[in-house]
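Common to both upcoming complexes is chain A, partnered first by chain B, then by chain C.
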Partner chain A sequence: MIELKDITKVYSLGAFGKRKLTAVDNVSFSIGEGKIISLIGESGSGKTTIGKMMLKLIPITKGQILFQGKDLSLFKGEKLKEYYRYVQGVFQDPFSSFNPIFKADRIFELVKSEFFPELTGREWQIHVLDALESVGLNPKTVLNKFPHQLSGGQLQRMLIARALLLDTKFLVADEIISMLDASTRIDVLNILAELKKGGLSILFITHDLSLGYYISDESIILYRGSVMEAGKTEKVFSTPLHPYTRMLLDAVPRIDRKWTTFEIPERKAVGSDTIGMCKYYDRCPLATKECEAQGLIKVEEDHHVACWRWNDV
Partner chain B sequence: MALKIKDLRIYYQTLRGDVKAVDGISFQVKDGEIMGLAGESGCGKSTLSNALILLKPPMKYISGEVFLNDKKLPIDNYEAMRANRFRGVSIIPQYAMNALNPIRKLKQIISDLLEHHGESFVKMRDMIEERLKLVELDEKVLDLYPIELSGGMNQRMVMVISTLLNPSLLLADEITSALDVSSQKAVSKMIVEFRDRKIVRSVIFVTHDISILYQVADSIMIMYTGKQVERAPTETIVKNPLHPYTKLLISSLPEVGIKYSQAPLKGIPGRPPELLNPPEGCRFKDRCPVASEKCDEEPPLVEIEPGHQVACWKVGAIDD
Partner chain C sequence: MKFRKSEILFFALRNTKLRIGVFIVALFAFLAIFGPYFAKYEPQDFAGPGYNPPSGEYWLGTTTFGRDVFSQFVYGLRSTFLVGFVGGSIATFIGLFVGFLSGYKGGLADELLMMFTNIVLVIPTMALLIILAAYLKYRGVFLESVFIGFTAWPWTARAVRSQTLSLKTREFVNLARITGMKPLKIIVVEILPNMLSYVFMVFILQFGGAILTAATLDFIGLGPTQGISLGLMMQQAVLWNAIQLGMWWWAVPPGIAITAIVGAMYFMNTGLDEVFNPKLREM
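Then we have the complex of A and B:
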C-alpha cells in the first residue's frame, strides 16, 4: 500500500547550513494492507524522520514514497488533503498534542470542519461515538473534559480515535507508548492490534524491542539512518544475524533473565577513518578492516541483513 | 541501617484540600542496598523521593520520622536540611540532561557547587577526573558548556556531580525512562558501579519499569496511591508476587517472546482513585479481581517471610 524507495534525508545544520547530517540513508521498504511494521532503533537512528516523511511533514532529500502507486511528492493542495484522509499520525507525548485551554474533544470538531463540513451535528456525533468505542473509551468519561482531567492513556486513545474518524488506511504511531504507564500501555497496544484486524496498516516506531515484538508482523532495525536488519519479526528476534541487533537484544531488560554483563559497546562520534565503512564499524566487536558499507543481503525470503559476515558471526 | 523511615506522611496542599500523596510509609534500606521503588504515575514514588531531599510547598510534612545512618534527618526543616543535602542525601533528577545551566562552563558549575558546601574545586580536581573516567567522559568536558554536550553526556555529568561528595543515600528519579535500551543499560551500570565502589552507600531507584529494576535492584517496593502494597527481594517480587496489584503489574509487562497473536496481555482495568478523598479501606479494591467486603477495612502491612511484606487481606487468608 505504501512504499519507500531509496529514501534519503539530509539535514543542514549550523551557520548557513554548512554542516550536513544524513539522518536517513537510502532506506527502502513497503507496508502491505493490514500489516504492522516496527521501526526499531536507538535515538538518532532516523526512525522519527522516516515517519515524518511518510506523513509529508518534512520534505524528502532523495528518493520516492509511493502511496497506492502514486508519488507522494506530487500531492499538493486538495490532493494532499485527500492523502490525509487515508494517512494519519499519532505521536509520543499525548499531553502536548492537546491545547490545554480547549476541551479535549475539540480535536474531533476540527476534523469535522476540515473534512466533513456537510455532515449534521447528529450524524457526526454517531461517528465520534463509534470511533471512541473502537479504542475502548467510554464517551461519558472523556467527552466534554479538559485535557488535564484525563489520563495519558485516555488522551492517547482519543488521538487514535481522531485518526480513525477519517478513512484511515495507514497510521504512523511514533513512540505512542513510551509516555504511558505500565498498566495502560498494554491496552493501547492491544487496540492497535485490534485495528490491524480491521485492515489498518501501521508503522510502529519504537525503541522498545519487546513492544515491537509484541504486535508487529515485520521488524526493521535502523542504525544511523541505515537498515541493519529487516524481516519477519520472529526471524529477526529469534535468529538475529547482525551484531547490532544482537547487542540491542542483549541490552533489553527482561524479567526472565538477568544481564550477564553491564558492558555495551560505546558510541563515538563519527571519525573520518570510518567513512565508507559499515556504520556499525566502530562499535562492532567483530569488525575487521574489510567491513565496508554493506547493502542488505537476502538471507531468506523474509529476512535481510546488512552484514557481509552474517554467516560466520 | 542506612535509611530508616517511620510512618511518613507527605501531603500536597491544594485549594480543595490535602492530596495524600505519601500516606503512612515505613521502610528501611540497608547499607549497600539498591532499592527499587515502582508504581504507576501518581502513586507517590517521586513525592517520596523528593521529600527526602527538598521538601517545599505545596508539599507539606504531616508526620513521620526519617533516620539516615541512625541520625535523624530533619526533612521538615528546609534550612537544617541544607547541611545534609548533597553530602547525606543526593539526587539525580528525572530530566538530568536539562538540569545544567547551558551557558556556564561545567567547571564553573561544579566549583560553585563545591564552594557552597565548603569544598574546593582545585583540591578535588583529581578526584573529579577520576569520576569522569568512571562514566566514560573525557576530562576536557570540564572546559565546555553544557550546550556543547549531548543529552546523554549531560546526564552522565549530572551523575558525577550528584555523587561528588560521596552521599550516603542516592535518589535516582526515573533516570532511565527517556532513554533507549543501550543507554538504559549504560546508566544502570553506572548506578551499580557507584554502589560497588562505595561512592554511595545505598540507592533508591525510582522508576515505573520493573524490568530495569530486576537487573539492578536488590529489593523492590511497590507503591499504589500513596501506600506501600508490597516489598520483597527483587527475585521474589518478580517471580512470586503476592499482592494482586503486583501480580497484575508484572503480568502486564510485554517482553521479547510474547506476541499479541499468540498470547495477548491484559492491562489493569480502571484508574487509581483520587487522593484528595481516597476511599476507606484498601485503595486498590475497586480494581482488584479478588476484592471482598473485608477490603473495606484497611489491610495492614504484614511480614509474610523475612524481608517480604504485603498489605492485602487475601494473602493472609490463603495461608490460613
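Then we have the complex of A and C:
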C-alpha cells in the first residue's frame, strides 16, 4: 500500500548549509494492508525522520514514497488533504500534541471542519463517541476537558481516536507509548493490534525491542540512517544475523535475569576514514578491513541483512 | 477556558501596577474623547488676551497670542491617542505578519524577510522620518502616524519570529498540518492564540513608542502642518520662551501628559507581564 524507494534525507547544517548530515540513507521498504511494521533504532537513527517524511511533514532529499502507486511528492493542496484522509500519525509526546490553551476535544472539531463540514453537530457527535469507544475511553471523562486535566494515556488514545474519525488506512505511530507508564502501555498496544484486525496498517516506530516484538509482523532495525536488518519479526528476533541486532538483543533487560556487566561498544573516532565503510564498522567487534558499505542481502524469504559476513561469524 | 480567563482577570484586577497604568491612560483617554466638548474655543482661535494665567475663563491660561491652552491641550491629546493607536496598530500588524510568515515558512522566505527586516532596523528611523517629513508640504497627524507605524515594526517582527520558531516545533502544529490545514490558518488558529498575551503587550509598547516618536518629531518642527498636537504645543512653548517668561501653564501640561501616558503604558506592560507570567507574580 505504501512503499519507500531509496529514501534519503540530508540536513544542511552550519552557515550556508556547508555541513551535511545524512539522517536517512537509502532506506527502502514497503507496508502491506493490515500489517504492523516496527521501525526499531536508537536515538538519532532516523526513525522519526522516516515517519515525518511519510506524513509529508518534512521534504525528502532523494527517493520516492509511493502511496497506492502514486508519488507522494506530487500531492499538494487538495490532493494532499485527501492523502491525510487515509494516512495519519500519532506522535511521541501527547502533551505537546495538544494546543494547551484549548480544550482537548478540539482536535475532533478540527477534523470535522477540515474534512466533514457537511455533517451536523449531532451526526458528528455520534462519530466521535464511536471513535472514543473503540479506543476504550469514556466520553464523560475526556470530553470538555483541558489537556492538562487528562493523563498521557488518555490523550494518546484520543489522538488515535482522532485518526479513526478519518478513513485512515495507514497510521504512523511515532514512539506513541514511550511517554506512558507501563500499565497504560499495554492497553494502547492492544488497541493498535485490535485496529490492525480491521485492516489498518501501522508503522510502529520504537526504540524498545520488546514492544516491537510484541506487536509487529515485520521488523526493521535501523542504525545511523541505514537498515541493518529487516524481515519477519520472528526471524529477526530468533535468528539475528547482524552484529548490531545481536548487540541490541543482548542489551535488553530480562525479567528473569539480574544485572550483569555488559559492555556496549562505543563509537570510536569518526572521520573521513569511515566513509565508504559499513555504518557499524567502528563499533562492530567482528569488523575487518573489508567491511565496506553494504546493502541488504537476502538471506532467506522475508529476512534481509546488511552484513556480508552474516554466515561466517 | 472559563477557569483560565477568570484566573487571568483575577490577577489583572489585583495587580497594582496594571491598575495604576490603566487608570492614568483611561483618565487621559477620557479627556481626549470628552475634553473637546467642554473646550470653549477652537485650538487655533484667538480666545482673548495673551499671557493669561489659568482662570475660570481660561482653564489652562492662554498663550502669547491669546490662544486657549486647554483647548489646545484636549485637541492635542486626541491627536496623541490617534498617533498611538494608528502608528501602534500598523507597527504591530506588520511586525506580526512578517514575524509569523518568516518564522513559520523558514528557508528562503525567512532569509529574505529577515534581510529586509534588518535593513529597516538599521536605517536610522529618526533621520528617515525627518527626510520624509521635510519633503512633504502638507503633513497631517494621520500621515505622521502611518510613517511612524511603517518604521517601528522590525523589532516586533524579530521577536514574533523567534517565538513562532519555538512554537512551530510543537507537535500540535504537526497535528494541524496532517489535518490538512493551510499555513495561514495554522498560524491564526494554532500559533497566534498561544501568543495573544505577548501580542497585547507588544501593542501597548508600540502605542507608547509611537506617541514618543511623534512628540519628538513635532518638537523639532517636523510635526503636522495642520492641526495641533502635544509635541507642537511644547515646540511653540519653547519657541516663545514660555518657561523664561513664567508661562508654566503653556509648557508644562503637554510634557506631563506625554510622560504620564507613556509611563503608564510601561506600567501596564510590566503589570501585564506579571499577570500572564505566573513566575513573576507577587504572592
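One rule holds in what follows: the second predicted complex is superposed on the first by the 308 of 313 C-alpha atoms of A that agree within 3 Å, B and C clash if a C-alpha of one lies under 4 Å from a C-alpha of the other, contacts with A are read in each partner's own complex, and residues count from 1 in each chain.
Basically, contacts are C-beta pairs under 8 Å (C-beta built on N, C-alpha and C of every residue); 3 or more make two chains touch, one makes a residue touch a chain.
Keep in mind it's a predicted model, so treat the numbers as computed, not measured.
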item: Fit or clash between chain C and chain B when superposed on chain A; value: fit
item: In the superposition, chain B vs chain C on chain A residues touched; value: B
item: Contacts of A:S151 with chain B and chain C, given as first, second, both or neither; value: first
item: Touched partner set for A:F16, first chain B, second chain C, both or neither; value: neither
item: Contacts of A:H207 with chain B and chain C, given as first, second, both or neither; value: first
item: Chain B versus chain C as contact partner of A:L189, first or second or both or neither; value: first
item: Contacts of A:W259 with chain B and chain C, given as first, second, both or neither; value: first
item: Which of chain B and chain C A:E42 touches, first, second, both or neither; value: first
item: Spatial angle chain C-chain A-chain B, Cα centroids [nearest 10 degrees]; value: 80
item: After superposition on chain A, the shortest CA separation from chain B to chain C (Å); value: 13
item: Touching both chain B and chain C, residues of chain A; value: none
item: Complex interface listing, chain B residues touching chain A; value: 40-41, 136, 179-186, 188-189, 192-193, 208-212, 214-215, 238, 248-250, 252-261, 264-268, 271
item: Interface residues, chain A side, partner chain B - complex; value: 41-43, 151-152, 181-187, 189-190, 193, 207-211, 213-215, 233-234, 237, 247-249, 251-256, 258-259, 262-264, 266-267
item: Residue numbers on chain A that touch chain C, as the complex places them; value: 52, 55, 57, 80-81, 84-85, 87-89, 91-93, 96-103, 107, 110-111, 114-115, 146, 159
item: Residues of chain C that touch chain A when the two form their complex; value: 1, 3-4, 170-172, 174-181, 190, 193-194
